[in-house]
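Here the chain labels run A, B and C in written order, and each chain numbers its own residues starting at 1.
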Amino acid sequence: MVDTRFHRFAGPIALGALLVRAGRSELAGALAAPGQVISGVSELELAGPDDLALAAQQGYAEDLRRTGAGVVLVSPALREDVPAGAIAVVLDRPHELFADILDLLYPASTRAVIAAAGRDDLGAPIFERDVTLGANVVIGPGVEIGRGTVIGANTVIGAGVTIGRNCTIAANCTIDCAHLGNDVVLHSGVRIGTEGFGWLDFGRANRKIPQLGRVIVQDRVEIGANSTVDRGALGDTVLGEGTKVDNLVQIGHNCRIGRNCLIAAMSGLSGSTIVEDGVLLGGGVGTSGHLTIGAGSVVHGRAAVTKDWPAGSKLAGAPAQDIRDFWRELAAMRKLSKGEKRG
Amino acid sequence: MVDTRFHRFAGPIALGALLVRAGRSELAGALAAPGQVISGVSELELAGPDDLALAAQQGYAEDLRRTGAGVVLVSPALREDVPAGAIAVVLDRPHELFADILDLLYPASTRAVIAAAGRDDLGAPIFERDVTLGANVVIGPGVEIGRGTVIGANTVIGAGVTIGRNCTIAANCTIDCAHLGNDVVLHSGVRIGTEGFGWLDFGRANRKIPQLGRVIVQDRVEIGANSTVDRGALGDTVLGEGTKVDNLVQIGHNCRIGRNCLIAAMSGLSGSTIVEDGVLLGGGVGTSGHLTIGAGSVVHGRAAVTKDWPAGSKLAGAPAQDIRDFWRELAAMRKLSKGEKRG
Amino acid sequence: MVDTRFHRFAGPIALGALLVRAGRSELAGALAAPGQVISGVSELELAGPDDLALAAQQGYAEDLRRTGAGVVLVSPALREDVPAGAIAVVLDRPHELFADILDLLYPASTRAVIAAAGRDDLGAPIFERDVTLGANVVIGPGVEIGRGTVIGANTVIGAGVTIGRNCTIAANCTIDCAHLGNDVVLHSGVRIGTEGFGWLDFGRANRKIPQLGRVIVQDRVEIGANSTVDRGALGDTVLGEGTKVDNLVQIGHNCRIGRNCLIAAMSGLSGSTIVEDGVLLGGGVGTSGHLTIGAGSVVHGRAAVTKDWPAGSKLAGAPAQDIRDFWRELAAMRKLSKGEKRG
C-alpha cells in the first residue's frame, strides 16, 4: 500500500472510470464490474481487495497466484495465474498502463515530495522532549521526532518523515519518505528516500516509473557520509537492525538489507537486492538487482555479485565467484602469462 | 567564448601588453602586431577574430587549421597548421603560458565562483511567476528561474545561473556556472558546475588549469542524488535532452552526453568523454577521457571504456571489449582454471 | 593524544578506578600501581607517561617496544614487548576493553561531535580580518578562521575546527574535527572529519570503535565535490601539501597522503593507507587498508592495490600488479581465448 503520508492519493475511483481517464476505454468497456473501487496501489503480496496491483513478468507468477488484490494488470502470459477473487485487466506491456495509473492516482509525485508543499493535511510536526535541532534545520509538515534525537545544522526533513528516539542525524542531510527507528546515526550529506532509477522505454522515451515507496531504517542502523538510499518503487527499501553502512554507498530501490550487516565504502546495491543477516560487503562491491546474498556471507572488495548465493558464501571477483575459484583462476592466469614476454 | 555571466573578464587588452604581463616580454617583442586586441579566450572551433586560443598537442591540428581565432598559442610542431588569418605565438609547453593568461584575464576564478560576490553587474535575480523556493535557499546575483520551477530547501544557486520552467530541484543542491533547460529534475545533494580536475606538472607543482567553462543541462534531464557534474575547462559540459543520470555519478569536464541516455549509479565519465544518443551505461561504468561511445550502445555494469566504440556496441569488462569477446574470455579462463587445484 | 578541541575528556582518572568502571575489577585488583593517573588516550608512538595506549596485534610489536605510554593494554602474545617503564594490562581481546575505556573517557563522541553543543569551554569563534561568510553558514564554538578565507553558503563548521588563510570553502560542505592549512580549496558537498568505519564483532554486534582522531589538511590541498575524508580513529588522517583530490573520493580513517599527489574521481582509500609524495591515482582506484604506495608511483584507473609497493611503481589491475605484468597477462588471456568460439 502506498503510504499516503508521503504520496497523496487522488482517489478513490471506480476501475472503469480510471481506465477511461488513462485513455483505455476499450479496457474499461470489457470489464464485468467497472464499478469496482480502487482505494490504492500496492505490491502483489501486500495488496487488499480495494487495491490495484501489477504482474508484468513471469517472475511474478507465484506472487500473483497468492495475491489478495482486487484488481491486477497482467500480461497475457499470466492470465491463467490470476486468482479467482481478482479482476484481471489483461494487456500487452501492462507496465505502461500501470505507470499511467500511478500518475493519475498519485499525481506529480517527484515534485510533490521535493516541494513538500500543500501537505497541511499532515498537521504540524510533533517533537517528543529533548529534541535538539541545529541551525537552519528544515522540518516538513507531519514530521515526528522522538525523545533525545539530535539533528545537525542545515538538514532537511521532508513531509511525513518519522524519526525515533536517540537518533543522531548529522549536518546537511536530506530525508524524505522514510521511517527511522531508534538510535539511528546518519553522517553528514546522507540522502534518504530519493527516487529509484526506474524507467520504461530505455534509451528512447526514458519514461519514469513513479517511485511511490518508502525507506525503513531500523534501530541502530548507521549510514556514512554522502551515501544515498532510494525509496521503494512500490513498497519499501529496508535496512535491518544494527546494520552499518560506510561512506558513498548507493542502495537502490526495494533493496532489503538484513540485520547487523557491514557495507563498506563505495559499494552499490542495484534495485531489489536482498542481503540477508550478518553479511559483510567489502569496499566497492556491486550487485546486479533482483538477487539474494545469503546470511553470513563475506563478499570481498570490488566483487560484482550477479546472481543468488547461499548463506555462508565467500565471494570475490567480477563477476563474483566462490573465493577459492577466484584464487584458482588468478593462479592459472599467473602461470599462463609466465610464458609471455613482459609487456 | 568564456561566459562572462560566470567568469568575469579583466580585459580587453592588447596581445603585446598581455604577454608582457605574463612575464614573456621576449614573445611580445617578436610580435608583428602587438596591438592586436584580445577580447576573450575560447576553444579553437568557436574562437573569433578577437579571441585567443590554444593548440598544444597534435590532436588539435585539425581544429587549428580551421580556427577563426585571432591569436593562437601553439607548440613548434603545430606551427605549420596555423591558418593565415591568425597570429601565432609559438613556444614550448604553450599550456603553461595559456594558464598564465587565463589567470590574468579571468582572475581568481575558483574563488570568484564560490564567493559569488562582487557580481552586482549581473543585477538582481529574475523570477517568472509561480516559482517556489524552499527555506534557506540562497540565490546569487543575476540568476533567472522560469515559471513553475520548485527549488528545495537549503539549495544554493550561484551567480548567473539560469534555470528553465517546471524544473524540480531538490534540497541541499549546489548549482554554479550552468544553464538548465525546462523540466529538469535534480535530486538532493547534486553538485553542478564544480571545477574539473585539470592540472599541469602532475605530481610536482600540480598547477591548476583554470576551469572557465559551463554546464548545459538540456530539457527533461534528471540527475540522481549526490552526483557531480564538472563545468568545462573551456567550453561546455553538456547533458542532452531526456538523459537520466542515477545517484553518485561523476561527469567530468567537457563531457558531452547525448539525448535519452541512461547512466546508472556510480558511473564515472572522465573529461571529454562523448556519449552519443540513446546509450545505456550500467552501474559503475568508467571511461578514460577523450573517447566516444557510439549511439545506442549498451555498456554493461563495471565496464571500463578505454577507447572509441562505434554505434550499437555492446560492451563489458575492464578494459571494455565487445561483450561476445568478454564472455569468450571468461569461458576460456574458467576452462583453464579447471586444471588447477581449488585454492 | 586525543585533541580535546574535538573530543571532550571526562578524566583524568586513576587506572584502577577506570578498570573498575569498565567492569574489570579483576584487572584492577591485579595492578601493582592502581593509582597511576590516566590523562588521555593515544597511539603507541605518540603516547606519554600519563597516556593509555593499545597494542592488540603482532603488527604493533615494534611500536609497543618503543612506546612512551604509561599504560598499555596488550594481548598475551605481546606481553614480552612491553617496555620497562610501562604498566601492562594483559588480556585477551584487548580491543574490547579499549573501546569501553574510550567510551568512558570521551563519552558519546559520535553524538557530541554532531550536536556541537555544550562546548562553551571553547569560547566564541575567532576570525581574522577579511573573512567572507556566505548565507546560512553555521560556525561552531571555538572555530578559528584565517584572513582572506571565503566560506560558501550553507556550509557547516563544527566545534573547534581551524581553517587557515586564503582558503576557499564552497557551499554545502561539512567540516568537523579538522585543522586546515592555508590556501585550501574544498568544493561543494565535501565532508571532512566524519567517522571512520571501525567496528568490533563484525556481522554480529557491530560495536563501534570510538573515532577520536582528527583530519589534518595541509596547505594548498584541494578536494573535489562530494568527497569524504574520515577522521582518524586515534591520531590523524593527513592530506599533505599541494595534494589534489577529485570528486566523489573516499579517504578512510588514518590515511596519510603525501605531498603533491593527484587522486582522481571515485577512488577509495581504506583505513591506514599510506600514499607517499607525488603519487598519481587514476579514477576509481581502490586500496585495501594498512599498506604503502611508494613515492612517485602511478596507479592506473580502476586498480585495486592490495599490498605495499615501492617508490616509482607503475600499477594496474585488480588485484594491482606491475603494469608490465598486467599487460602481459591481458595478452596471454587474449591469445588463449582466440581458441574459443565467440560467445
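Everything that follows uses one rule, which is that a contact is a pair of C-beta atoms (placed from the backbone, for glycine too) under 8 Å apart; a residue touches a chain by one contact, two chains touch by 3 or more.
Fair warning: this is a prediction, and the values are worked out from it, not measured in the lab.
Colleague: Using the definition of touching given at the top, classify the network of chains in this structure as line, ring, star, complete or other.
Modeller: Contact map by chain: complete.
Colleague: Counting shared numbers against all numbers at the contact of subunit A and subunit C, is it over half, same, or under half, different?
Modeller: The interface of subunit A with subunit C is built from mostly unshared positions.
Colleague: Go ahead and note the Å separation of the Cα centroids belonging to subunit A and subunit C.
Modeller: 33
Colleague: For subunit A, what residues touch not just one other chain but two or more?
Modeller: 136, 154, 172, 189, 226, 248, 266, 318, 333, 336 - these are the residues of subunit A that touch more than one other chain.
Colleague: Give the list of subunit B residues in touch with subunit C in this complex.
Modeller: 110-111, 114-117, 136, 138, 154, 156, 158, 172-174, 176, 189, 191, 194-195, 197, 199, 202-206, 208, 226, 228, 230, 248, 250, 252, 266, 268, 270, 286, 288, 304, 318-319, 323-333, 335-336
Colleague: In the complex of these two chains, what residues of subunit C are touching subunit B?
Modeller: 132, 134-136, 150, 152-154, 168-172, 185, 187-189, 222, 224-226, 242-244, 246-248, 260-262, 264-266, 278-280, 283-284, 296, 301-302, 318, 330, 333-334, 336-337, 339-343
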